[in-house]
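Right, one structure below, let's go through it.
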Amino acid sequence: MDLLLDIASAVLLLTGGFLVFVGGVGVMRMPEFFTRMHAASVTDTGGAALILAGLMLQGGLTLVPLKLAAIFLFLFLTSPTASYALANAALLSGVATACRNQTGKQLPEDRMDPPSAPNSENSLAAEAPAPKTVARKSAKKAAPKRPTKKAAKKPAKKSAKKAARKKS
Amino acid sequence: MEWVYFGTCIAILITMVLAVVRGLMGPTIFDRVLAVNMFGTKTVLFIAVMSFLSGRPDFLDLALAYALINFIGVFAVLLFFQSRGVRREAEAEREAGK
Amino acid sequence: MTLYDQLPALVVAVLLFTAPIAYMLRLHGFPWVVATAGVVTSFAVACSLAATVIGGETIIYEMGGWPAPYGIVLSIDALSALIAMLITGASSAGLIFGYKSLADEVGEEIAPAFFAAWLLCTAGLVGMVVSGDAFNIFVFMEISSLSTYVLISAGPDRRALISTYRYIVMGTVGATFYLIGVGFLYMVTGTLNTADLAARVGQVEDIRLLLVAAGFVSVGLAVKAAIFPLHSWMPNAYTFAPNAVTVFIAAASTKVSLYVLMRVDYAIFQNSISNHDVQLTFFLVPLGVLALFSGSMLAIYEKNLKRLLAYSSVAQIGYIALGISMTSVAGLTGAIVHMFNHGLIKGGMFMAVACLAIRYRTVNVANLAGAGRAMPWTMAAFVIGGLGLIGVPLTPGFISKWYLVLAALGQGWLGALLVAIILFSSLLAVIYVWKVIEVAYFREPRSNAVPVTEEAPLVMLIPTWIVVLAGIWIALDTSMTVGLASVGAKILLGVAL
Amino acid sequence: MITIVFSLFLLTMLVIVAVAILRTDNLFTAVMLSGIFSLIMAANFFILDAADVALTEAVIGAGISTVLFLSALALTAEYDRSPPVGTWVPLLTSSALGGVIIFATFQAPRLGDPNAIVHKHVAPWYLERTPELIDVPNVVTAVLASFRGYDTLGEVFVVFIACIGVMSLLGRVRPRRDSIEEGEFEKRSDNLRHHLIPRVVGKMLVPFIVLFGLYVQFHGDFGPGGGFQAGALIAAGVILYALVEGGPRGRELVPEWFSSMLVALGALTYTAVGVVSMMRGGRFLDYSALSHDPIHGQHMGILIIEAGVGMTVAGVMITIFHAFSRRGIR
Amino acid sequence: MEVLGLYNYFVFAVLLMVGLYCILARTNIIKSLIGLTIFQAAVFLLYISMDKIDGGTAPIILEGVEDQVFANPLPQVLILTAIVVGISTTALALAVTVRIKEAYGTIEEDKIQEMDRET
């Protein structure tokens, strides 16, 4: 019986681990903020659910599975809220315009004006001039040379490294 | 079962490293906040799996406390950003007024 | 367990018990009453403790009833009783004296917080002195430092804030250095109790960690004691703090770190590291001499009276450092007596300065022209204090200089050089004291300055004169101070009583 | 062996984040990275078998410290405008310091080596005698509360002074100088009310966070937990409510006078336990004098002083947060 | 294998260097305070790496298990105290920083020194 449990939890744990790893790679590889956000938040919740479920099977009938269920419930509630709130704050601060230039095409929902709070356009745009201009420059360089996925990855990574060096 | 926990821990650790790299490199500030949020959830999972690896499953309260603190941290960042726009206007008015 | 056996714990517990009460009851003037009551009781307990230990024995009080190396232990001997008396005495004098001057400088709104911080500063300092556990000294060092930051930041001038910030950074770095030193000591001996440390440090074979631990502890305490190169936080902190606070911290706070340096160096490192006394003299003598000269020179050219006295404190701490570096009974006695006498003299002088400040609304030496005639009693107290700094006979300064010179003569040619340096720096002290006297007595008050006619309020003048007369009394009858100091020195050096 | 690999991994990340904090110009980024720094430090402590310290470092280091730094940043500048001052002297002093330590630690006992002196002298006595003297599973809580209870008393007063200091510095409400009047600023920025989802989820979780804080408080004897962590967790719950609902509503939930009274009461409780044990004939803070059976007395003593510590830490963190948030741009 | 045992102490030394350098080199007040927290956090690492014992677990005694090797509880108690001392100092320093910003208008130490030298 417990061999079955072991196998089930092993499967759950390893898939959870892989999902979490995919999230990490996604955060590194995605070109701009909102897609990174997407990669991180989906795998956050998914990976956590699988790993915690795998551990629950191992917990036996003690208090441990109950604690794991509490953690799972808490993560299940808070991590999407946190991601939503972060994305909303980013949208409010005008990150969307910066991202549109990076991906080079007009995102349809870009024109959606944010809810009642004033779109304090000046805050991030004015506040972080360096990254935006750098983003635009690297976007122009990255955009034309985009025939293969790997090629896009190399300049994006190089410009990102340049941005980091310029920033620090 | 030992190596299963070990494998998951390695996967979580590598994701933590990727999150920290994104935190250090991230061009915009929101990337860094994203990195912190992601790092927080990964620490929760790391503690949960580590407590099973080290055979002391009664340390799961730590994992819950971590998740809770991470959640409050993101809200503090949110409020900081929101009041920043208004503060910048107040700063501009004060300069104009002077 | 009669009340008499509980005294060692009571000296700290009374202060810790009254602090929340002073903070909670916010009626007008009530926090000051609670604070004064707490501090005066603690002073009485400290005096009775001094009376019991003057014979030379050490009171061991186990906290929580747990035996020595496992629980925390308070150990009180002649040296710690003398310093505890100095701290609680200076604190009660500062509080009683400060009723009017604090009401003038510190608003009514923050009075509960201020007086609770005052109580806890005294508790922290006394806790450090009576504690017999290395980490416990760190905890009470943090209590006293944090409450000193709060007291200084209550100063009226905006520069009090920036000097508080600098003091926070230097004080925390110093305390963390001490913590690292204690960490290394714990790593090689496995215990935190000072007596147990002293016993087990001898058997440690890898000397390198011990040397580094001694280095970290000494540097950390040197920062807290404002010994020469690390004293840059002190002048601004003393100058911009409220006057009554300067009276208290000038008299007591740096002396406690010097006490801990003395106890850690002599009790723990002396008998373990082979030529530690040579290392101590190599480390402390140059710093002491540099402190003497730089403190006196800076005081001569200083315009602000409070900063002038702060620089003179740097010089006087140089004397104490010289006394500590001479590892002989006479040298240590001189250092301990000077810690007590200097606390008394400097407390009296800062009280006089506070009296001047409340009438002249400024502490700039130039603006105090003609103060000798306008406020005769205050200036008389200041002059007696100044003579004490120089070391004129019949003043407490003379006693401690006498013992320092006595000890220096015993050190051969280095001693002769030290005697010359001590005498020369006394001459420098004459210059900067004379500068103030000359302005106060022999110069007409400036025409545009507001004319000051009446004397300082009586409620401030009486405590000032009590402290000055106490100074003169211990200069004449030295049985109490020198008695406790020589017994303390013998205990530290392990010499038979 | 496994944990050594993990601790090496995490320690390297720790150094990388520390260097990144040093090099970044944007203060907000530095605060974010110091949040990550605390989380890595807490994970490290967990691997080095220090569960209580990991919980404290996470709750206080990553939680309260980040919130405090952010509210201070909101009131001051956000960019480190100054170029680094002459870098020779700092570089020299810090590398001298590092060199001395590395030189000294070659003789230090290796990580985890069982015959280090530290494991031989005082520690075994605690581990053997705690079940017999105090009979509390969590030896750290036993040592913290009873064997070295005087240290923790000093600790409670350090936190008490932090509250006093912040109240005396920021207690006086600032004269209003700028143009945005009260109501309008409130509506626009001081809360997350117009964010529907965060508001609902945040307010829904506040009671569970406070409940978890109380669980950690009373579970302190059996598992990782105790007064400090519980106080910080309860304060975190109240801070979450204040973040979501805005400062004034937060101050209605836990009014200013109540939290500072809580602080004074907690410190007073702890000292009162010491004084009562003195009155009943024991030494200061000797809990076995509190009741006829010594072990029962120890349990009662530890419970009361942990409650005192929890009250004080919760009151202090709430008071400090309210002092900072009330000081906003008014 | 030998350097693995000392790795904790090397990280402790490096973190001290980073913290002290940040305090001394950067004139921004809040940056120095963050440097101060790193400086204190390094000391926590020194103490806690002393308490690890091979094959030991956290010092929470479970009834059932016999001959359990436990980590040393003493450094953990000391560090619990030191962490709360650190946060109290940071909170007080941040309150002073806010008052400095209101009094001087800036939190750069060199600018504040110039303003002081003028008056």
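Labels A, B, C, D and E are assigned to the chains in the order they are written; within every chain, residues are numbered from 1.
Keep in mind that, in the parts below, a residue touches a chain if its C-beta (ideal position, glycine included) is under 8 Å from a C-beta of that chain, and two chains touch if they have at least 3 such contacts.
Just so you know, these numbers come straight off a predicted model, no measurement behind them.
Both chain B and chain C are touched by D, E. Separation of chain A from chain C in touch steps, taking the shortest path, is 2. Centre to centre, using the average C-alpha position, chain B and chain D are separated by 18 Å. Rounded to a whole number, the gap between the C-alpha centres of chain C and chain D is 32 angstrom.
In terms of their C-alpha centroids, the spacing between chain D and chain E amounts to 12 Å.
Residue positions of chain A with contacts to 2 or more other chains are 74, 78, 81, 85, 117-118. Counting only residues that touch two or more partner chains, chain B has 16-17, 24, 29, 33, 35, 54, 56, 58-59, 61, 64, 68, 70-71, 75, 77-78, 82, 84-86, 89. The set of chain D residues touching two or more other chains comprises 51, 73, 101, 105-106, 108-109, 116, 118-119, 122-123, 126, 148, 151, 154-155, 158, 161-162, 165, 169, 188, 192, 195, 198, 202, 205, 223-224.
Counting only pairs that meet the touch rule, the chains in contact are A-B, A-D, B-D, B-E, C-D, C-E, D-E.
Touching chain E in their complex are the following residues of chain B: 54-56, 58-59. Across the interface of their complex, chain B is touched by residues 2-3, 6, 9-10, 13, 16-17, 20, 26, 28-29, 32-33, 35-36, 39, 42-43, 46-47, 51, 54-55, 58-59, 62-63, 66-67, 70-71, 73-74, 78, 178-180, 185, 188-192, 195, 198, 202, 205, 209, 212, 215-216, 219, 223-225, 229, 233, 236, 239-240, 243-244, 328-329 of chain D.
Partner chain B is touched in their complex by these residues of chain E: 57-58, 60.
On chain A, the positions that touch chain B within their shared complex are 6, 9-10, 13-14, 16-18, 20-21, 23-25, 27-28, 33, 36-37, 40, 44, 47-48, 51-52, 54-55, 58-59, 62-64, 67-68, 70-71, 74-75, 78-79, 81-83, 85-86, 89-90, 92-93, 95, 98, 117-118, 120, 122-124, 126-128, 131, 134-135, 160-161, 163-164, 167.
Of all residues in chain D, those touching chain E in their complex are 4, 7-8, 11-12, 14-15, 18-19, 21-22, 27, 30-31, 34, 37-38, 41, 44-45, 48-53, 56-57, 60-61, 64-65, 68-69, 72-73, 75-77, 80-82, 84-85, 87, 89-91, 93-95, 97-98, 101-102, 105-106, 108-114, 116, 118-119, 122-123, 126-127, 130-131, 137-140, 143-144, 148, 151-152, 154-155, 158-159, 161-162, 165-166, 169-170, 174, 222-224, 226, 228, 313, 320, 323-324, 327.
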